[in-house]
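Letters are used for the chains, namely A, B, C, D, E and F, taken in the order the chains are written, and counting of residues starts over at 1 for each.
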């Protein structure tokens, strides 16, 4: 069955911003918003494509494990080659074996997304940090200012590299790589830090470019 | 193993790294108990002063209404004239009658604190936005990127002014004030927007300068 | 012909540039002043309030000691609680006993205001530095670029902290506080440096938001 | 046969920068550099993996069509899942059917890489622009300052969006998307512009993090 | 005790801070000056050259008209071709006939130097604005924040262009030039605005690079 | 014979951008551009002046040695005093004896112009670096990111100083000068580094302000 990933209500019922009317519901102050939050995923009108069997299975697995399909996947589902490439890269970077723990990779994701102020990624991956760390505060620290977190020197060096790479990529030099080596990272770990930071510099921009909205379920996850 | 970033050892055991003297706040790579979160409020060792009766009453009222005394008040409590001036200014700005609702003033507080990436203020006032709006999402939007929130034109103009005043104060001109007037704000409202934005530009810096830590109770407030 | 930039047409005639409507002078308590510079204090039209006896006494004392009431006080005088809170905080920070000299506190005020390019505060507090230092050049150095001044290491560390706190508050860490401790400052002094820097980050923004104009008398003070 | 993608000469012959010696040859002033430029692709020592048949075929096709395997592919070849995901995403974005011409996608690649000052991507994709446009100057303009190029309004709008998304992703809003729609782009085109800009924001950072060096052959391509 | 920031020990005794070696005064042509402020002009030790007759006449004319030789000229006097080229360019730009008044050219000089926070140029040219405008305040406004000055639209457009050209030269486009044309400037005037702004972007950097110190006489000029 | 330096076709045949038409041909995609590239040198219409004999001889020498007169000279040729002062300063800085080699001075020119993203200077001086170094790659490295070049410590220190002076002139201090001294530079060399960096901060801005276009011949120079 074809998904309807990034579908918006038809233009006639969702006039654009310049006419002064709200295109999507105001957040929360306006009643009745929750329904639309789930229907409208991006600001782009992209007709859904039919999921390939592999992607259908992947979506089913998301629903089984998380209770929902993350909106970023629905947003990509207008074109199977893009969805499959995104899923392949994401799964390799964030879930495959690495010298970085899954939590560490999510910490990089959130610290990078905080620098870029990406709403979608901060909500979705902030929840991941809270859950993987079993710590309702660590995710907030990554979202707000990773420098305020009490990190061990390894994790601090990891995030300093990831955030400098985000903010000033042209100024990364051998001294920065050596700071990671001195903190105990291998050259393969350095690749992985760079690759995760790079991936979220891409994803942050696609989410911001399309006004991607996170699944509401993330907000309440692991708050206590 | 996940970090427990907001935990620090008890004050009596953590030495000052450089000179061997005891310091209250140390950085928490060392394991410690959750109760330290409430014992260590800033990185500065400032002996507490005796509360004046007015301030004692104010602290009692906080405990009664919130269940705790906000850490910013404890941080200022080493010197009564500073605490009293802070409380007087805060109460006038955030609680006294104004053309801005209390929620709007808290939205300014959080949008400004997000620009400045102030951990203390984002935690404490993010909770205030969630509670006053009765909306678990609006506070997150203010923390992460107010531009992603679906705001009415009045609130958007208000936050645009507050954030420009934070980021580029020297570039505020009559056109910026007129944008507020066109959005329906009076000249008195403009003062109030500027004063709240200015106040949090002050508070953000005092919190960052002293590594002020928020009361843990804020994190779970109004998440559903 | 040279501009006379700080002169405006008399209140009765000055039109609002954009909409052609008349504007009457801000801060009505100063009506009847002979020169426009003294009649128009801010870009906001805020009817003056009756001074409380304490504030009247304070204004009288200003006139007696300085020969005039600083315009920032007149700007706040539309609402007594705001004026009183501002005066209480200002007097505690800038005039009460501290490990920082009054000159040092004014140097922080000007270095912060220079970063923020706040015309009001640079004029008023630049004059204060010149007078307190009995040095017509030191105020200029603080206004223009504090790094060009020949400062002792203590004062240089103090201003480096204050300006970093102004420019990059989220990047202040224990190493920055330790640089102050190594320069001889106590933890209480660190609070005071942060509090003065924070206060002027607030005041700069209120002055810029309202286009506050300094009393002309400051310009010629202590120039030789 | 296992590739040796990111291999460096053994440490004993290429001492790191901190000992004061050149790790790799100085560019051109020193004779004999060209040989090493091809042997050393990144600053990371990552043992090559055996190419999968699909990747071996892809490398063979590169050699046949370009005369060489682009170094970015060799850099990724230490781990087949990463190489395959990168190739799948790259080929979909840059070569598959799209409302954007291949030249336009390369122009985005270079304008983004110019903002990020990524040496590898500017060399490799600058050559692609020169070749696809059959214009030795257009690539230089994209490398140096796309604003100086005489572009039609459509291409100018495309690059303005891509560069704003690179520089200030959090400030992209509906007005930016509407500027693209007004320039004639469909919502699918907007996705593609964002996806190409996002992809190079990732690749620029992986190249900078690893000091990736471009194949020397690019420099002379299509210069007349 | 107040700092005397612009005073240094006499040449014979002032040690180089780092290595303890003696430094002799810069610009040896000024030997024998009574006060250190006048003896030490830059942080560089450059033996003075013999003035050519033309330059000697120029220095004599400065002394006659200003009462002193501006320190920038003494700083350049170690090499006659540099001094002569600087003087020729300065005199053409700042004193020769132009569609811009001399005051307007000095206003550009100070607004640019304010952006670059150049102590030497702000002191010397701030005095020039005060004198040419016969207005003790206009110079201060240019030094502190030209946006706070009440300028006519022509002068505001002129300074907006000069400061954008200083801050973001790569973003100047035809629309910026057209804003000047609409404010009444000819194409020749646009050249002159750009040339004066460019010249001070050069001079600011030479002054900052060498820690050039202004003649003390400037500070008191035209303060009432 | 009067030169026609910055002459444009009459306005009627080259309508301005706001009417939506291309004023000059699009780069390369549009056929027939090369002819106009040589006719239109800047966006300003400035009638040519008669060359003085010295300048005519200089232009003749350029034609003899380079095969063309660099467009920057034609752009200045509307006014002989400006052209002569520019030529005198340029020749002293870039060609006269100095502790810096001509190649080093051109490397500074390009690294500064890269920071400022100046199309004219990057094209013209990038070609100079390629030619003087007899290295088709070094010029590209200076244009794209000098930090990626394998430079000896002396040249790296030289460019670090020049680029910091360009980006943050107010933050240059004695420590920066001492870094140059430690890399082997004399105080006179420091002046020359600053003067070349300063000169290109001026020239970059004049070129950007006037949309100066480089001679097409530069693009192909020394590419192999």
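As a working rule, contacts are C-beta pairs under 8 Å (C-beta built on N, C-alpha and C of every residue); 3 or more make two chains touch, one makes a residue touch a chain.
Just so it is clear, the model here is predicted, and its values are computed rather than measured.
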Each chain counted as touching subunit B and subunit E at once: C, D
Chains in simultaneous contact with subunit A and subunit B: C, D
Most distant chain from subunit E, judged by the mean position of its C-alpha atoms: A
Same or different residue numbers at the subunit A/subunit D copy interface, by half rule: same
Candidate from E-F, B-E or A-B with the same interface as A-D, over half of contact pairs in common: E-F
Centre-to-centre distance between subunit D and subunit C (centres being mean Cα positions), rounded to whole Å: 51
Cα-centroid distance, subunit C relative to subunit F, in whole angstrom: 44
Centre-of-Cα separation between subunit E and subunit C, whole angstrom: 27
Where subunit F touches two or more other chains at once, by residue number: 23, 117-118, 145, 170, 173, 211
All touching chain pairs, where touch follows the definition stated at the start: A-B, A-C, A-D, A-F, B-C, B-D, B-E, C-E, C-F, D-E, D-F, E-F
Parts of subunit A lying in touch with subunit F, wherever the complex brings them together: 170-171, 173
Of subunit A, residues touching subunit B in the complex: 20, 22, 24-30, 33, 103, 114, 117-119, 122-123, 132-138, 140-141, 143-145, 148-153, 155, 211, 216, 219-220, 223-224
Subunit D to subunit A touching residues, read off their complex: 16-18, 23, 43-46, 78, 81-82, 84-86, 88-89, 92, 96, 116-118, 161, 165-166, 169-170, 172-175, 177-178, 187-188, 190-191, 193-195, 197-199, 201-206, 208-211
For the subunit D and subunit E complex, residues of the former touching the latter: 145, 147
